[in-house]
Every structure is written in structure tokens, then in C-alpha cells.
Amino acid sequence: MHRIVIKLSGSMFKSPIDVKLIKDICYTFNSIIKEGIQPIIIAGGGEIARTYITAMRTLKSNETTLDEMGIAASRLNARIIIAGLGNSAYPLVSSSMDEVSIAIASKKAVVLGGLYPGHSTNATAALVAEISNADLFINTTDVDGVYTSDPQIDKKAKKFTKIDTKALFKLIEKSPMIAGAYDLMDPLSIKIIERSKVKTRIILCTPKNIIEAVKDTSIGTEVIVSGTSI
Amino acid sequence: MHRIVIKLSGSMFKSPIDVKLIKDICYTFNSIIKEGIQPIIIAGGGEIARTYITAMRTLKSNETTLDEMGIAASRLNARIIIAGLGNSAYPLVSSSMDEVSIAIASKKAVVLGGLYPGHSTNATAALVAEISNADLFINTTDVDGVYTSDPQIDKKAKKFTKIDTKALFKLIEKSPMIAGAYDLMDPLSIKIIERSKVKTRIILCTPKNIIEAVKDTSIGTEVIVSGTSI
Amino acid sequence: MHRIVIKLSGSMFKSPIDVKLIKDICYTFNSIIKEGIQPIIIAGGGEIARTYITAMRTLKSNETTLDEMGIAASRLNARIIIAGLGNSAYPLVSSSMDEVSIAIASKKAVVLGGLYPGHSTNATAALVAEISNADLFINTTDVDGVYTSDPQIDKKAKKFTKIDTKALFKLIEKSPMIAGAYDLMDPLSIKIIERSKVKTRIILCTPKNIIEAVKDTSIGTEVIVSGTSI
Amino acid sequence: MHRIVIKLSGSMFKSPIDVKLIKDICYTFNSIIKEGIQPIIIAGGGEIARTYITAMRTLKSNETTLDEMGIAASRLNARIIIAGLGNSAYPLVSSSMDEVSIAIASKKAVVLGGLYPGHSTNATAALVAEISNADLFINTTDVDGVYTSDPQIDKKAKKFTKIDTKALFKLIEKSPMIAGAYDLMDPLSIKIIERSKVKTRIILCTPKNIIEAVKDTSIGTEVIVSGTSI
Amino acid sequence: MHRIVIKLSGSMFKSPIDVKLIKDICYTFNSIIKEGIQPIIIAGGGEIARTYITAMRTLKSNETTLDEMGIAASRLNARIIIAGLGNSAYPLVSSSMDEVSIAIASKKAVVLGGLYPGHSTNATAALVAEISNADLFINTTDVDGVYTSDPQIDKKAKKFTKIDTKALFKLIEKSPMIAGAYDLMDPLSIKIIERSKVKTRIILCTPKNIIEAVKDTSIGTEVIVSGTSI
Amino acid sequence: MHRIVIKLSGSMFKSPIDVKLIKDICYTFNSIIKEGIQPIIIAGGGEIARTYITAMRTLKSNETTLDEMGIAASRLNARIIIAGLGNSAYPLVSSSMDEVSIAIASKKAVVLGGLYPGHSTNATAALVAEISNADLFINTTDVDGVYTSDPQIDKKAKKFTKIDTKALFKLIEKSPMIAGAYDLMDPLSIKIIERSKVKTRIILCTPKNIIEAVKDTSIGTEVIVSGTSI
């Protein structure tokens, strides 16, 4: 294992910032770096993105413009992570795939937010995993894996240990794709995982879980590529 | 009607270039401009994109890198269209959504190719239609609308006059999403059409058909937004 | 009067965003535009900037890096104002003085946040007033002018109707220059006002006050240039 | 020998791409890299450039615009070479001399196409050889050296083992300088070779010949600097 | 006549700057603009370029690096001209052909210095004349036209009223092409004039002469395109 | 000691360039590099900046535009230093704080001129010292330290061995802040030194003095941070 892509759940970035949590997660990344692994970290938009997008939607902005606001907000979160990592991070937030390539070449930890309108940070993370030939894509969320239905609503929801991309695709076919409301994986993320065949795991976003996922412990839900779902 | 987005089928761009066809299509755009409509034109990748992507796939490039090659190739096609339009075109090929915004402000015809890896030119065109608040999105292809199955294989295939986005989504659920092989609309394009509610028509790529589509004649297949399909 | 620079107090940008206030202020700008005046608007960082800067200071970031975070945050606020202005705004947030020049040439309202580390948004606004040869610089704050001492602490503080730059300079000689804590004018802003001699007024940030300031009603505190204070 | 500049003849880039040939040439470059030499590779435009330029000339584009098309096309070829080189290549195609400098600093193989309108890829290669202080400039073409006249027309044409720049200049004084039709060296390339005094060899573009040229075997035609010819 | 390209002789830019001369030349440009003609002005490097290039050559910089220094120096001169033109000039110095295109679209006077290493400002001016479809290219120098030999050395030198490009090419075949020492036209400039067929006149750089050249009075030396000289 | 920031007095850059002095200073930097210290060098504007700014002020340019001219001029001086340093320097002049970060990551000597309008090169140097976490900021000038009054006018002026920032602030409160006339430290520089607490020494600009300052010999005037002066 030499390179992993980690999508940090937007839920990590509260207002005000939970500095203790940022420190813990950066401590975790630094311990991964010490094992010779290069992490590439994609920060989600979180509360601040939601706040601004909600306001701008009231002002009748179109969804592409809202996507761009979400990207700008997620980049603030990327700056916080770079600050937390100190010298082990490449100092700039990448804003295009070319800048990601240059940052990766530095061999330091690379941190970015969203890249392009129309892409969730999940899809961005999947693309970055693909272009960087990463060994593993850890997608952290605010639930501890993929469930048969939303566990916050349905008490009987069961967690999958593994799920193939086709089944995952069926599960998400209900949620509308509105800027700031991407849940789990969106269709584009799944398609990119399918075409790149990168090993993927969906976990609850905690420092401990990230460590376990890097060790390949059976935590959260593993996503299995099963041909192409769409 | 003051602004339309037209996605030019990659099939228009052969090798060698069919200059007569380029001239005819540009003549058509110039006649649209004379009626006070600003066209925004997204050129597909076509034969040249396919040639280079095929070669690079043999060389084991990952799909994101292939997407970027496809984008670079489609921008050559955009240059040809700019050349054909002469003074009525903004002289540069936009390479980001910000550059698209600047180009639109010039009030001239705007021409671009692909923008971002992971996006088909269809999805790019849908995003551009959204951000520019276009009145109409004309998606030109190499068939004359949406059929119940592939009309080049199935002689009994029937064309839809109208199709709602959910049904369209079901139709495309089979084709794999590999760079250079996006057919009709891909899921991301449909999602963007759904969220922006832009009026959309899928037609065979000919100058005459584009004129008809601008006039809103019932040509090709009209895409009807029906809630959200995924 | 053909061009004015308005620095919007960071206090306008709360979390969550007060959409009603944004709408009102944008309505005000649009009424100014209808009178043939081009507004150039510099958005302060406000609550979001403070939140992130506080977190990053805990993480031991240096002040230049904090400045850059503050700039990034203020640009989110600039996006909100652009959204509120709709078609009367140049669509992109300028990120350098050259981009400001290009945006001004569009004759639309121009909106930006901070530009450079080491500069408060006040100093940025003063520079922009200088380079654009603006007729008036309206600096909006969270108090209704300049007082003999902080009116939120000292009940006996008196407001100046006019103050010359030397006296203003003496007043601010106490507040430390830490990113996110620039009050009133900082020394650099005063120096730029002195060298450019732009007409300047400091007012409480409300739509009504901005209208009055444009009309040159005696509102807030007028800043008089008196040679050079430093 | 620590750094060489190689201009790859446009004739290498056919349509469809000859993947076998690309693989062989990249294998050659990789063997050069293993000997501790940094290659800087400038890809010519080839068939695709010719196709698009021919079409755009019919559309009455001016020659500077055609040059820019040729540059864009040559960059597709550069992407193919980067793909073929895999990890030994700097991942981005340089698009200015400054980007070339940054890429060279990576110590990886650097690949580019054309840079500026008005420059043949030969002249670009000569400039890059100059700025990078290369030890050798290998100019590969579709003939096996410089002949007294065009060997494809004149059966009695004789090859030079060595030729000085003045004589070379005289030889090329007949061919018109139209975008896409630069043969051998153009005057600007010769001038740059003269002023930089870089060791130069013109060879037929084959993997084997490149190896021989690096070894300084007497292959193709060596260009000798003889004062200044113009 | 709607657009002209004027190359300003480096000899205009002395140290210290002759402000009176700059004002006169800008007054001249403003009078041309009033007649509805858009001037595109390319400033030469002059004394400052020579000073820095001489120093850097002593420091063993290669010629490409010296070219870049010359370009940077000529851009200072372009800034002076923009300052002198005031509101009639596009406010930024273009630094690429794409930026030139954007600046031209503003319909204001466009001012630049050099663009690319390897190009004299003469060649740059010729390319700009080509891409902008200019009606006339006025090349101002420090002599009053083209002579049979250097009039500053040879008292018997005779001025040509007209000269064809082939004869001009022969004349310049002696002067070495070293950064900062381009005299009259260099071969690349002549080639570009030949391929673009732009009307060209070489005159002594004075305000009065520029006016005469715009009027097409027989002043200085007219350059006649005669097939292709190389 | 691993990284130092050195502001090179504009007085070093005469017209014509004193090549011997440039060589000596670069020899000094190279000797510092050999001791494992990374120098970051900020070149002042000097005579050339003054020449152009004076001319442009006559042409009624505003002070922000003059600042930008001064920045452009100082970057010519940075190029000279890069030329003098040869391979030990990062080859490009940084033009933003982000580019400074990338250049620093190369571990080579980094050379820049001014960065932003409104900032003296002193303030720029202080910001760069802050963002790079430099161990020492050496501010070289044309006097040998800070005096009680201007030693070129007042024969009785006494030099400070140490001065605290508050006292320094009082000393400079008289000099007007006009582009091209920044003496010693300006208020912004002092504020940045105060907030970053970087160790600072003001010395006469000679190679020998720089060596002494790096050794921390008591040369020139040491600046002591004493709370915040404004």
C-alpha cells in the first residue's frame, strides 16, 4: 500500500470548527504518512457549504452556481486540514486535476476540496483515486456503512458488510441530486469506481475507523465492483 | 428565446474534416445569431478523440487520463467551429466554467469542447445550459432521436416524440460509462436536466434539424422533466 | 458621480446568512446602478472568517496563512452578493488587481473579497478606489461612524461628523493588527486614502445609510485628508 | 551527458496511432533514462495537425491561428508519449517556457508539443535545448539526414555526414514557411542553434537511430555551427 | 482602415524616460483612435532591455533567458504607453496571443511588449498584425527607412522607397540574431509578412511620421510582398 | 538556522547594472547555501523603478498603478539575481504567495521582487519571512542601520544597536508613503514583524555584512519586538 484517497465527510466540519477533532484526524493522517503511505484527502463541504448554498438558493442561483459555492466552501475545510497537518502536507489546495498531479509529485499529503461543478466530493475523490492509481479509496460518512435503508429513520435497517456496485446503485436511486445533498455515493461516483476498479470502503468518519480501514480490517461496508451498473 | 446551448455530435468531426459540413453548420449558427439568439456550442470529440483514446487505453492509461485526452481532442473541434463562425464567435475556446461566463458576457457565439474529466460533453452542455440560463438545450447525435432500442441494430425500434427523464434514465441503464463511449444522455446529464428543468431536444445533427429545433418544431425527441429519476 | 467603492462590513455576513438583509442591500445597489453609477463592492470576512481563523490559530498557523484563509472566506461572501445582484453583477469574484480592472471594464457591478495577505479588506477597498479612480469610498462598519472611544464600551464616547486622517490615525494606534481583527481603518488604509485623496465616509452598514452616503448626506463620519500622517 | 532534447518527427503520429511504434520509442526513452540522462521530448504535429490545419485554411483562418491549431494538435501527441512513458514522465504537457523549467526541475522525462505561434516544433526544440543547457539536440525527421536535394524526388541526392549551419541555411532557403509545412530546420531553428552552439544531429526517426545518436555514433547528419548565417 | 499595428522602436524608451516624447506619441495615438481606428502597439525593449541583457550575458545566462529578460523589460515600456493613453487604452499588458485577442475585443487601444522567447518585437508585431487582420503594420525604427547599407556608417547609403521582401531578406542576411540586437526586420518577421501579406511600412519613429504612415503618404520604406523568400 | 529572508536594497540595482556587485552578492548567497541554509531573496526596485515611476507620475497614473510598475521593475532585478545564482536558484520569479510556497518546496534559493500593490518590498519580505517560518529576516538598506535621524542630513545622528518596534514606529512616522519612496521599514512591515516575531536585523547592503548578519554578529541594528505599536 503506497497511496490512499480519503474523502472526509462534510459532517466533520462544524461551525464553530471542532479543533480537537481536526487535530485527532490530522494526527491519524500523520501516523499513516509515517508508514510510508501518501494520503490524498478530499474535504467535504459540511455545515458552511450548506449555510451558503441554502442562502443562495433563496436568491434564485442556479444549481451549477451552487455547486461552485459548495466547492469554494469545501476548500476552506481543506485549508484547515493543511494547517493541521503542518509540514507533512503540500501547502496549497489543488483546484484542478493538473494541480493534483503536481501536488502528488511532491510526495507530501495532498489536500483538496471539490474540483468541478456537477461533481460531488465523492465523485471527485473517486476520480482522484483513479488518476493517482491509489490502492484504496476510503469514503467516510456520517453513518457507519451502507444500510438497507436510512438507519436514522428506519430502526430495522441492516448494515451491509459488503455490497456490490449494482446493488449500491439501486439503493441510491431515490435520492435527488441537488447541490449540497449528495448522500453516500452518487451514480457518477459508482460509475468511476466501476471503471477504475479501485478498492473502496465506506466508513463512519472517526480517526480510529480510518486506521482500521487502512489496515483493511472488516469495518464499515466494502464496495465490490460487479461489472457496470449503468 | 435569447440563448441556446447546442451540443454538436462528435460524429460531425471526421478525419479528414468534412469542411462542407462545418461550413453549413456555421452558416446555420450565423443565421440563428442574426435573429438575436446567442448560441453556446459544445463540440464533441468524434473520430480523433476515439483514435487517441483507443491508443492510450492500449498504453494502460487510466480512465481519468483518457477523459482528459478526450477533452483536449474535442477542443480541436471547437477551434474548427470558431474558424467557421469567423467574427461572430468569441475567439477563444473556454476551458473552465469561469471562462464560459466571461465568453458569454461578450454576447458573441461561444464555442467549447469538454471541460472536466468524468463529464461527457452531454453533461458539460447541460451544466453550461444551467449556468447560462439558456432557453433551450439542443443535443445533436448521430440518430434522429431516442428510440425504444438501438435503431442501427433493431429494425423494429420506435422513436419517441417525447420521453420523460425517468424513462430515458431506464433506457440508458445498460451502456457502460467508458471515456469516449457516452451514448445519448448519460445519468449525470439527465440529473442536471432534471435539476435545471431546461427545455431539451435530442435531434440528428444536421443544419436543417438545428433550425427546426430552434423554431421548436416537433423534431427528434423532446425530453420532459418528470421529478427526479435518481 | 460615476463610480463608488463600498466596503461591506463583515458583520453583514452572519451564520446562517441573513438572506433578507442580503436582498435589501442588493436592492440598494441595484437602485444605485439605475442612476448610472458603477458600484465596486468589497465583502468583509465576517463570522465565517472568524470561525476558521480562530480554529487555524489554535493549529499554530502563521498570520499570513490566516490572512489567506480570511481572504478565501470573504470570497464566499462576495459570491452571495453576486447572487443577490443577479444580472447587474460581473459574474466572477476578482482575485487580483488585474482581474478587478477587467471586471470594471464590463461596466457591471464588481464584487470581490480580500485580495492579498497583509491587507485588511479596508486597505483592499482603498486600493481599489484608487486604481478605479472612484469618486467616493463608503466604508461600512458595525458602528455608525468614528467615535472618540469605543461606543460599545464607553457610554460617553462621542461621534465625529468629520475627522482628518491624522486624528483618525492617532485613534487607531492602539488596536493590534491580527488577521480577522482589523477595526475601523488600519494604518495602511489611511495611508492609501491620503495618497489617493479619495473622498471617504465611514457609516453603519444599512441599505438606507448607503443610499444617504451616495447622496452625500452628512451621515456617519467623513474622513478628511490632511497631508500625510505617517 | 546528462540532458538531451529530442524532437519527434510528426510523421511518427499517424491516424490511427501506431501504438507499437509509440511503445518502442518510449521503451527507448526509458532505456536512456536508466543511464541517468533526462530526455526532453518535443512532439511534432503530424497527420492530425495537417488534417485540421488544412480544413481551417479552407475556412480562411489566418496563419497565426493555424499555428495555434498545430500547437494544440501536437499536444495530443505529447499526451500519447507521456502515457507511453508511464511513471518516468512528468505528468503534464508544458505549455510555456516557464512550465518547461518547472517540469525539468522534477528530473523526470519532460514532454511537450509546440509552444508559440510562429515557431516550428524544431525552433521550439532548439529553444528548449538552449534554456535547459542540454548536451545534445536530436532532431528526428522522416528522412535519414540532410541531402543535397529532396531524396524523395531526386534519385541523385547525396546525404551529408556533416553540414555547417550556413550551408544548411542555404539549402532550406527555398521551402515556404506555411504552418504545418516546416521541413528540416527552418531559419529560426538554425539561428537558435547558432547562438546556443548546442550539438545537433538530424536523423531518421526510429528507436534504434535515437539510441545511436545518444551514443554519438556517426548517424544521420551532424550540424556544425559556423559563425552566424543570418 | 479600421485596425493598425504599430511597433514602437526601442529607441523611444530612454533612461530616464523622455516623458515629453511619450506624451506626444500618445497624443498621436489618441488622434488616430478618434478617427475610428484601433491601434495595437508593440513596445520595444530599448535602453533598459539592453542594460539588463548586457549584465545577464556577463553572468553567462543563455540566450533564451536573455530573450525573456528583454520581454520583461519591454513590458515596462508598454506600461508607460498605457499610462500615457489613459482611458483609451485597455488597462493590462497582454502576455500571450490569447490575451491579445481578449484585449482586441475591448475595442480599446491594445499595448504589449514582447511575447515569446526567440521572437523579436518585430516578429511579435507581425504575428499580431496577422491574427488581428490589421490593415497596416507600421514598423518604427531609429532610421527613416531601409537603406542599401547602414546610413550611420556609409554616407553613400541610399534609402529605398519600396523594397520587396526578397531584397529585404538579402539585406539583413548579415546581422547576427542575438537577444537585444535585432535590427530592422529579422527573417521571421519577413516570413510572417510574406505569409500574411499585411501592408507594411518602415519609418523613423516620430509622432508626425506615424500620422503620415496612417494616411499612407509615401514616407519611409514600403515593404512589398514578393512570393516567399525562404 | 535553516531558512533566512533577505531583502536586497534597491540601491544595489543601478543603471547600468554593477555586475561585479551582483556577482559578489551571489557568491555570498552561494556560500550561505553551502552551509545548508535556504535563502529567500526579495529584490528592491532601485533606479529603474524610480525612473519609470517618476515618468508615470508625470503622466498622472494613480499610486496603485505606480506600485504595480515598481513591482514589475523589481522583478527584472530578481531575474538578475537568479542569473547570478545559476543552478542554486529556483529558476522562476515568484509572483504570488502561492508561487513562493511552491518555490520554497524546491529547497533551492528563492528570488522574487515585489508581490502586491500597497506593499513595500520590506512588507513583502516580512510576509514571506512569516509564511516560510524563516529564522531570520535581514533587511538590507543603503545606510548601516537605524539612526536617531537621517545620517545623510544630520551629522549628529546616532546609530541604534538595538531598537524596539515601537520606537522604530515613532521614527518613521514622518516619511510619506508614496510608491518608490519607502524608507527603512514602513508601518505595515513593522506590524508584520510584530505579529510574526521573526528575528530582524537592518544592515547596510554589502556581501560582508550579509555574512555577518547570518552569523548573528552585532552588526547594523537589531529590531526587538515589543508588543504591538499600532
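Per-chain residue numbering starts at 1, and chain names A, B, C, D, E and F are given in the order in which the chains are listed.
The criterion applied here is as follows: a residue touches a chain if its C-beta (ideal position, glycine included) is under 8 Å from a C-beta of that chain, and two chains touch if they have at least 3 such contacts.
This structure is a prediction, so every number in the text was calculated from the model and none was measured.
The set of chains in contact with subunit D as well as subunit F comprises A, E.
These two copies of the sequence, subunit D and subunit E, are related by a rotation of 180 degrees on CA atoms, to the nearest 5.
When chain centres are set by their Cα atoms, the one at the greatest distance from subunit B is F. The distance from the centre of subunit A to the centre of subunit C, each centre being the mean of the chain's C-alpha atoms, comes to 36 Å. Subunit C and subunit E have centres, each the mean of its CA atoms, that are 43 Å apart. Centres computed as Cα averages put subunit C at a distance of 30 Å from subunit F.
Under the contact definition stated at the top, the residues of subunit F that touch 2 or more other chains are 65, 68.
Taken as a graph of touching chains, this assembly has some other topology, since it is neither a line, a ring, a star nor fully connected. The set of touching chain pairs reads A-B, A-C, A-D, A-F, B-C, B-D, B-E, C-E, C-F, D-E, D-F, E-F, using the touch definition from the header. Residues 15-17, 19, 22-23, 48, 51-52, 54-56, 58-61, 65, 68-69, 72-73, 75-76, 79-80, 83-84, 86 of subunit B are the ones that touch subunit D when the two sit in their complex.
Across the complex, subunit E is touched by residues 98, 101-102, 105 of subunit C. Against subunit A, in their complex, subunit B makes its touches with residues 62-65, 68, 97, 115-119, 123, 127, 130-131, 133, 172-178, 187-188, 191-192, 194-196, 228-230. Here subunit C touches subunit B in the complex through residues 90-92, 106, going by the rule given at the top.
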